[in-house]
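Take a look at the structure below.
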Amino acid sequence: MVELESILNDLVIANRILANENVVDAYGHVSVRHPRDPQRFFLARSLSPERVERGDIMEFDLDSAPVDPRGRTMYIERFIHGEVFKARPDVTAIVHHHSPSVIPFGVVAVRLEPIYHMSSFLSAGVPVFEIRESGGPATDMLVRNSALGAALATTLGDCAVALLRGHGNVVVGGSIREVVFRAVYTEVNAKLATEALRLGQGRVTFLNAEEAKASTVTNRAQIGRAWELWKAQALAR
Amino acid sequence: MVELESILNDLVIANRILANENVVDAYGHVSVRHPRDPQRFFLARSLSPERVERGDIMEFDLDSAPVDPRGRTMYIERFIHGEVFKARPDVTAIVHHHSPSVIPFGVVAVRLEPIYHMSSFLSAGVPVFEIRESGGPATDMLVRNSALGAALATTLGDCAVALLRGHGNVVVGGSIREVVFRAVYTEVNAKLATEALRLGQGRVTFLNAEEAKASTVTNRAQIGRAWELWKAQALAR
Amino acid sequence: MVELESILNDLVIANRILANENVVDAYGHVSVRHPRDPQRFFLARSLSPERVERGDIMEFDLDSAPVDPRGRTMYIERFIHGEVFKARPDVTAIVHHHSPSVIPFGVVAVRLEPIYHMSSFLSAGVPVFEIRESGGPATDMLVRNSALGAALATTLGDCAVALLRGHGNVVVGGSIREVVFRAVYTEVNAKLATEALRLGQGRVTFLNAEEAKASTVTNRAQIGRAWELWKAQALAR
Amino acid sequence: MVELESILNDLVIANRILANENVVDAYGHVSVRHPRDPQRFFLARSLSPERVERGDIMEFDLDSAPVDPRGRTMYIERFIHGEVFKARPDVTAIVHHHSPSVIPFGVVAVRLEPIYHMSSFLSAGVPVFEIRESGGPATDMLVRNSALGAALATTLGDCAVALLRGHGNVVVGGSIREVVFRAVYTEVNAKLATEALRLGQGRVTFLNAEEAKASTVTNRAQIGRAWELWKAQALAR
């Protein structure tokens, strides 16, 4: 149980970091797979990430049904987590949010590519989920059931990040720390790539596939440095 | 009277939130209709929103005349509130301000459209009020009387937001919380749409009318989450 | 003497406000004319504006010579103040600084114009001072003597703001409060006009001359509201 | 020993300033040459700059080997410091980091030039290090050995700043204070030049070589003003 408590504490800290780094505002959520039962995951009740505490964490099965609801309000889009955990056994943690610089890349034809080594995980591709294809032309844009969640998981494929047109993005990782790192640097990359694309009038040298692959391996060993800093800053607020 | 006090307290909090979220600077104001008398509304005396307290709230009739002036200085543009409340019985709260990212959309030919679900309320259209048409070519740009206020209300029509060329914007809602939510996400939307329009060289997929309508219904139930976060942050300053 | 002390206290506060509003960084300075002797002005010793206190204020004559130097280090560019006070008897306070959004307008052919009523004082024109014309092609860019200061004053003419190519800008006003107001809204205007010019691809409706003139009169009565807010925020740091 | 302790204290403060000024995030590092032994330099153990304290400083020789490792984790890219100190006897302090506005200039064909006097040190040129030329097409982008460090030093030549494509930049100076000043104003310059290049559609008047040279001499005497402000702000956090 020590390990589980440690992971749930990290999940609370992940919520605070994402808020403090301005990756989430009042909306957005982060989940982690159960360390001993891969058919379960943890996610806060419906609450702003900055306000999440240990007692707000709920447990869900992979159909995104709560194990012990106790009448608590749930995020409408918990199905993103359940369906992506189903489709991606390699994934341990998921963030869904509306980080600002990423939104434009979901509504234009320009692709989001890795401008520097910190965001090398984007090299596998950043597909765009068009909800009209699976949900029709009149949805409220939310991934509010398992069918939409499964369609999003299909769009995500083996990538680290998928964009949701007119909505936000979803980021996955092999650990809570990795997914937080990726969420932060997806936002940074979007901001810097936007500037570079204008400055270079569309002609930008992004990382090539080999550079990105090597960099992702290197970065994995460096994530702790960012986590410790962001954690200290978030908890000091 | 409990309800009235609760609403006036929320009006003070709305002032603080709008300041803390950088939607207003030293200027801008927010009003609420009297809960029991639709011919009256409440608005602070002339003061920066961040500094408004309960004792600064004044009561006005729909001609924007103060019920009990006591020599207090009033906002020059209180007529915006009176005239919009007259023209729009469905409106309970109004913000007028100069939120920065919105200003450019008032002085160019490009329309402000909803880039994502958070700002779906923009889908009804965002008309631009050209004061030269009703006030002539030499005004001081302010909506400083009932005639100009009525002209602005006509431009606003049934929309949630209208832009004032060379000046700012006005946002309306069905409650204090809704109008604050809309003022914040109008600013966010303007910023993100500006980026997307450049990145996509003008080719951007905005929400369609059905998506926007469905999303606005959904969002109405989610506004409380943002309000609670913004309130906690504003009052902690 | 009460009035003088009050003005010098306001000069200290002006320094703090300009720093808190990010109009100045470690560099930049603000001066005020002596209330009883128009041939004298006050300016801090060489120090970052955020760190200026009452004891740092020095008195100068209009040749920018210190009345009582006591070995204190002076700003190299104090001549801007002396020469502009000489040339402009209507001016009571002057700011020289490098506010970021204004810098680009000093090095391109595009003019800085008033995008909204808050910056209507720009309507008189915003000339650019090219130091190569009076100082030759190899200066260190600084207005470091009376001749350069006089040349800058000539470029400024009757305007409220002049840009210094590759350097910064100078803002003048009829009072400390007005010059602070103008310095802040020159920066805001530059930022918003930059966005609008791109969004509208160069086609932007700026305030016309009559609107700007009427607005400037109106604003003069509203400056106190911003001053009180900015003062409270700057002193709370 | 007094001098050495004073320099190491300044190195700690430099770490804190670079973090507080948002020039570094969790990554990036700053070094200083040993004041009495030019074949040695000081650099923190692998840690976020904001968290560096006196006890974290390690000593290295110019092959970037630690003098007294004590099992501490080292920055992978310490070779940047060793090789640049070898190649540039005039350099006393070095910063390597990923300051955001600079990244785009490393991946496009547009050159980074000095837009104003504060960044006149850029006038010597800002070469771009393409790691593919010395490290091949499949590196992890890091300067992780002496050979890559030497190649980077060759690209840097006699300049104050070099960009690393898809990675970040390196800044050198004659003192800790100078290198911090340069790192901050390289970031500011990149941001302002980006805006100016768009506003002027590529036609921008940058400082000429003579202006830049004269300005760099002048600035050297003014660096202390920024250092004292930034130090006070960083230590107050």
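The letters A, B, C and D name the chains in turn, as written, and every chain counts its residues from 1.
As a working rule, a residue touches a chain if its C-beta (ideal position, glycine included) is under 8 Å from a C-beta of that chain, and two chains touch if they have at least 3 such contacts.
From a predicted model like this one, the values you see are computed outputs, not experimental measurements.
Relative to chain A, the most remote chain by averaged C-alpha coordinates is C. Chain geometry summary: the mean Cα position of chain A and that of chain C are 46 Å apart.
Centre to centre, using the average C-alpha position, chain B and chain C are separated by 32 Å. Under the contact definition stated at the top, the residues of chain B that touch 2 or more other chains are 198. Chain pairs recorded as touching, per the definition above, are A-B, A-D, B-C, C-D.
Looking at the complex, you find that chain D touches chain C at residues 114-118, 120, 188, 191-192, 195-196, 198-200, 203-208, 210-211, 214-215, 217-218, 222, 225-226, 228-230, 232.
Here chain D touches chain A in the complex through residues 25-27, 46-48, 50-51, 76, 98, 100-101, 103-110, 137-142, 165-168, 194, 197-198, going by the rule given at the top.
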